[in-house]
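Each remark here refers to the structure printed beneath this line.
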């Protein structure tokens, strides 16, 4: 009854929120980076939050890496997610924030400490380990969040526009870093974006969401070369 | 189907609430066992109900109305000694009632500073005695609480919003409409309901300043029924009536609370760009400081004079008092934290009204009910202190939950998903997220409880062991044996202790906020 | 909770030695505090009884009503005349077994259940340095100018407040409402208990306070302050008495009897005036402690028996309340 070896399988997913309803049926193969694109209010965030286990769903199944996670708690789904904001606890140092990705009890062994330092190193924050989020720049906060994703080592990474507030250059840099982090962790990525350029730069596939309808992923280049009507309207072409 | 995921299991909170409800219901059951023929409510009691509701409404209204400009001024200004001032302005709320009344009389009484001043100017005397005296005293007690709650709301406005205000060059009126009014709408109804309920159950104040039987409160009628007429049936009916009035008020206030609109911000220091000409704020701060601090000063002065008369043995009660206060505080936190976590995640906050149970069900009634229940099995004397600690904690519960709830909601909103995604559950979530984020409010609530517990005579007087005395009890004993000066000295010790315990907890809470 | 129990057990253990019999006496909180008569009476009684006297404090009658037959009390001390009817109705008390004719009260005492151990009278106390023309009679009191302020206690919560209401009833009868009306401008406020009123008086808030004829004794003998006086009225003063009673179901009947005997003894009677600031119930005036005979006391004493008081009380309080509420 289930699709072949995809990393993420969504079957008959239904979300109902008052007058708004969203249905989705798609599969994402392992290792792909998928951009989720669509107009505001189409349900992109809702879809990701449902996959992450943060909102109630009305029906359907979600499978991650072959496991049925429909009813699993957010941390038991094999998913790491970055939100638009609130990705770091302001009262903890960057090191502690990253450490939480390894062990939620925050008591790290020597080896885990090394792992945490390594992650900070890889995002270029080695010397900021003991700073708190409020004391570093927006870009550095994003890097710290990515470092945590790195140590979380989940097979699926969901990005709900965590870099939206950054400037274009910085955002591009973060997207590259994300791709690198995902590659290093062997993770599959779903990222919401508004900018087709971002999708072209950092994604292999593209999912178009409009008015509660979710198109299955197709290769970015393919879609961009010949966008369907609705996407064309959204892209303003 | 997946249930809605929640960062903190609501069940401990529900259990805590059920515990509070059980304690109160059990007390009623205990009393119910002994109800004999009751004379029912007489005209005097109905008049008491009317007066009680009227003065509570007026007191709550004035407290909140005065607190708004004071809180606004305090939020806008950074005066030298700002923190000390904010702490001191909170003091009247934690003063033992009897001590506070003495302080008020030293200022507003017949021989007080105000009338002495008026006399020097050849102006007629102002009398504090009467219904207005009751209201004045209630405002004195509760305006600090209202100020603190409203100030807390103001401080929850993210720095970003004020930056935006600065950028847009909004007029104070627009700032009020855009930022302040929405905050007030969230904070004021809760504060109003809480103060209304406090004033509803007031007893000692109304009596000393009330001027006569016109100012009789329900709580007095309960006391009379219990201790003088020993008509448990009437006492229970009056208690239920008080519960109903308070409950109605609470539910109404929580009902009109708007849906919680939360705001995001990063922990940045607030810098205000919108502060208008300073003199308006200065007037309000001066007014509040004068009204709230002068009586404190007079207590300190007469207390210092009385210290030399005070037998040192009074101090032996200090340890008992501290012990009871610490137990009260621990019990309070064990009840309030899970309840706040439950309520913060609940869709409708109306269940918050449950926290008022302990405050509204008169302590006398809970104490007596439990006495009846416990007595057949063990000596109630052995339970005098634990029961006192429990009742003190329950009386502080509504304040604590009111203080904890808004920021708790904020934390769940801002970091709930992050916590869940990281698997921060139960104890880990409390340790790593909630307690650090709520530290100032936890410190404040704990300090409040400790201080209220220190100052409360409580049910310990109902069945105390003569060898185990608390400070307020010692103070009453001194007053009861003509030793007024010594009692003033003991009052000062009491105030110092209440204040000290409050300060320790509050300082713990605020230690990391400014850093 | 467990810790509390252990603590309580430890506290209990220090006093209860294995084979010393224990006499449990219920008393008011004021009575047993270190500033009340309790500690010295305990020492004196333990010298003669070879027992351990344990005070247990609280509200006497409510407590007895709650505990009933299960009460741990052997003796109850401090029952005032307004509660003896309720206490008697519990059926818990046995005859006191002492000779009422040895009493030296200003009224005749015939009750064989409740034995008086001290007494006083209601009176208004003033400071002679601030009050030039103290009232010489109750009628004078009613005619005081409005700026002379009196503080009284609530008859619904305080024994002295109740005594005042009965006092007015005894002096003026059906004219009580007029009396309260005349006094209403002078009444500064009504407090819950005696100590709050007295505090207002000593703080200078009130010119006169409802208290006892024996109150000046405290100032005279403990503070050497001779300015506080009781205004003595020829209309008479209401009699206030405190009694002691023996619980019928006591497991220490001999000790209880011995305690009642002790109450009537010279030792007890000479201690009580300065320890409780009141007059001894069974001690000829000649034997009163030094200076006490100079205390001005009323010629005429008014008193309602408990049955009379019970019949009058509710209406008298309601008259007070209704008139002062206008």
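Some points to look at:
Order of writing sets the labels: A, B and C. Residues in every chain begin at 1.
The definition used in the following text is that contacts are C-beta pairs under 8 Å (C-beta built on N, C-alpha and C of every residue); 3 or more make two chains touch, one makes a residue touch a chain.
Computed from a prediction, not measured in an experiment: that's the story for all the values here.
If touching chains are joined by edges, the resulting network of the protein chains shown is an open path. Relative to subunit A, the most remote chain by averaged C-alpha coordinates is C. Centre-to-centre, using mean CA coordinates, subunit A is 46 Å away from subunit B.
Separating the centre of subunit A from that of subunit C, both taken as means of CA atoms, is a distance of 80 Å. Subunit B and subunit C have Cα centroids separated by 36 Å. Among the residues of subunit C, none is found touching two or more other chains. Across the complex, subunit C is touched by residues 34, 44, 47, 98, 102, 105-106, 109-111, 129, 203-204, 207-214, 216, 220, 223-224, 226-228, 230, 311, 313, 368, 371-372, 375-376, 379, 381-383, 385-386, 461-469, 473-474, 476-484, 487 of subunit B. Partner subunit A is touched in their complex by these residues of subunit B: 1-5, 264, 266-268, 414-415, 417-418, 420-425, 428, 431-433, 436-437, 512. Contact residues of subunit C toward subunit B in the complex are 1, 4-5, 7-9, 11-12, 29-30, 32-36, 38, 55-59, 61-63, 65-67, 70, 72, 86, 149, 154, 156-157, 184, 187-196, 198-200, 202-206, 215, 218-219, 222, 277, 318, 320-321, 324-325. Residue ranges on subunit A touching subunit B, taken from their complex, read 49, 52-59, 70-71, 73-76, 79-81, 83, 85-87, 89-92, 100-101, 104-106, 132-134, 152.
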